Amino acid sequence: MSAYQREVLVRFAHCDPAGIVFHARYFEMINGVVEDWFEDGLEVSFAGLLHHRNLATPTVHFTVDFANPSMMGDRLTFSLEVVELGKRSCHLAITVSCRGEERVRVKQILVFTDAKANKAKPIPADLLRRIRHFLNKDAEDRSKK
Amino acid sequence: MSAYQREVLVRFAHCDPAGIVFHARYFEMINGVVEDWFEDGLEVSFAGLLHHRNLATPTVHFTVDFANPSMMGDRLTFSLEVVELGKRSCHLAITVSCRGEERVRVKQILVFTDAKANKAKPIPADLLRRIRHFLNKDAEDRSKK
Amino acid sequence: MSAYQREVLVRFAHCDPAGIVFHARYFEMINGVVEDWFEDGLEVSFAGLLHHRNLATPTVHFTVDFANPSMMGDRLTFSLEVVELGKRSCHLAITVSCRGEERVRVKQILVFTDAKANKAKPIPADLLRRIRHFLNKDAEDRSKK
Amino acid sequence: MSAYQREVLVRFAHCDPAGIVFHARYFEMINGVVEDWFEDGLEVSFAGLLHHRNLATPTVHFTVDFANPSMMGDRLTFSLEVVELGKRSCHLAITVSCRGEERVRVKQILVFTDAKANKAKPIPADLLRRIRHFLNKDAEDRSKK
């Protein structure tokens, strides 16, 4: 098990009139990090899945806690791991921190779907195998109790 | 008690390559609806609170379930009520539906803060009084058990 | 000839850390106004054109002058007219103002395309007829000299 | 003279229902590239200029031609150079290409302003000196004729 990590710079365009990251921008950042995890960690791309395999991975759930605000220029560390893995769905835990301070805690559930029919379908075996590398077993055991 | 309701048209710019609303765009819509609730329901504006009273209302929590996808051209009904009201925070329940079908269910927690010091502070009395008009007492009682 | 007009409220989410509308947000507003012009003025929808007639209207050109900044809470008036009409393209002049002060001046060129082949194609006759209602002939004559 | 170059990946969140980059997203990318040019090329940051020197650099003009569409997964090369340099303003030429194909051509004018007073002011000498490294003299000579 290992977490997937990536740094995201807080840009001018992410910040609101109060000078801090506007919450909707975090969801764009999160989507970018999940996209990079697919590409770097799972060795497939959103675009490839959609165009060549008719697979989409819509989000069906978010639980998000904003612990501390982020400012323009902050370099945020996104750390992603899988905390539960079903036949058709994948539960992610993502933490966002900066210089050791927690900024955001996210639980996100992705469902694998037939993009045309918009119906859930099993995660392909090749993907499932690679997703397991990011599975935090302790978290999964806890979540099943 | 009454819910605050508002319609939002799903635009081209809200939709992703799968042809449905991209999740980050829902958070922009939600922010717009909360903003309109402040203006129409609470008779204050985000801008006025920030500039004249140094008050900001950052979101500290979201729980969001995406039940069904929304398409370009859909006219979504956002329905907002207050389900818990603290001294410094306000818990909102927002449901998004279209022609009777539930699309998204949101629980959002706003905290009232001193915008410069970025510290929580009590909700001003005039606002508190008006927020109570949107309080769903049944929901609040349940949430306290 | 008559201009198509629509009001857009400047929201919290449109504004940047300097407290004014961030330029990329103007392009989202412009797209929304053009979308409403199609729906209200031309009696077709972006969604309908795309899904039922395989027609898209990508923008191929923008000239934009930002004359004065806009603030959160401003109610902007967008005024749109057609200044040149070709077989496959349509030149729009859009002005954005607030309480008589000009904020933004836009020239935008839309091309009608086959959405699947991504190639220009003639504007359908029914649309062409309705687009002419918004044609400013003086502007067109000037632009042809 | 040398151009500042940077690569930008086209993400899912940049693309519209037609599967190509939505124009407003290009303006977010452009802002990010200009921000990186300030940081990497001019050795100052947007955030630092704003907070420590009360300097903002709003855009007062854009001329943009969208030559060819970009798809999800494309790695776009943004190439930026200065084509005219005034006392208070800086004209940028930005080209966006992918595998040798031109996608977008941009002319952007930034004005240096006192962020609080929102009035133009001279570009500080240290910045001016570094901006000159990116000045394309041929372009500047042509633009003065």
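The letters A, B, C and D name the chains in turn, as written, and every chain counts its residues from 1.
To be clear about the criterion, contacts are C-beta pairs under 8 Å (C-beta built on N, C-alpha and C of every residue); 3 or more make two chains touch, one makes a residue touch a chain.
Everything numeric here is computed off the predicted structure, so don't read it as measured data.
Fewest steps needed to get from chain A to chain D, stepping only to touching chains, is 1. The rotation that brings the Cα trace of chain B onto that of chain D spans 180°, given to the nearest 5. Summarising the inter-chain layout, the chain whose CA centre lies farthest from the centre of chain D is B.
Taking each chain's centre as the average of its CA atoms, chain A and chain C sit 36 Å apart. Inter-chain spacing, taken between the CA centroids of chain A and chain B, is 24 Å. Looking at chain D, one finds that residues 12-13, 17, 22, 24, 28, 31, 50, 72 touch two or more other chains.
Within the complex, the chain C residues that touch chain B are 11-13, 28, 31-32, 35, 45-48, 50, 71-73. For chain C in complex with chain D, the touching residues are 17-18, 20, 22-25, 27-28, 31, 50, 56, 58-67, 69, 115, 118. Of all the residues in chain D, the ones that touch chain B in their complex are 12-13, 15-17, 19, 22, 24, 72.
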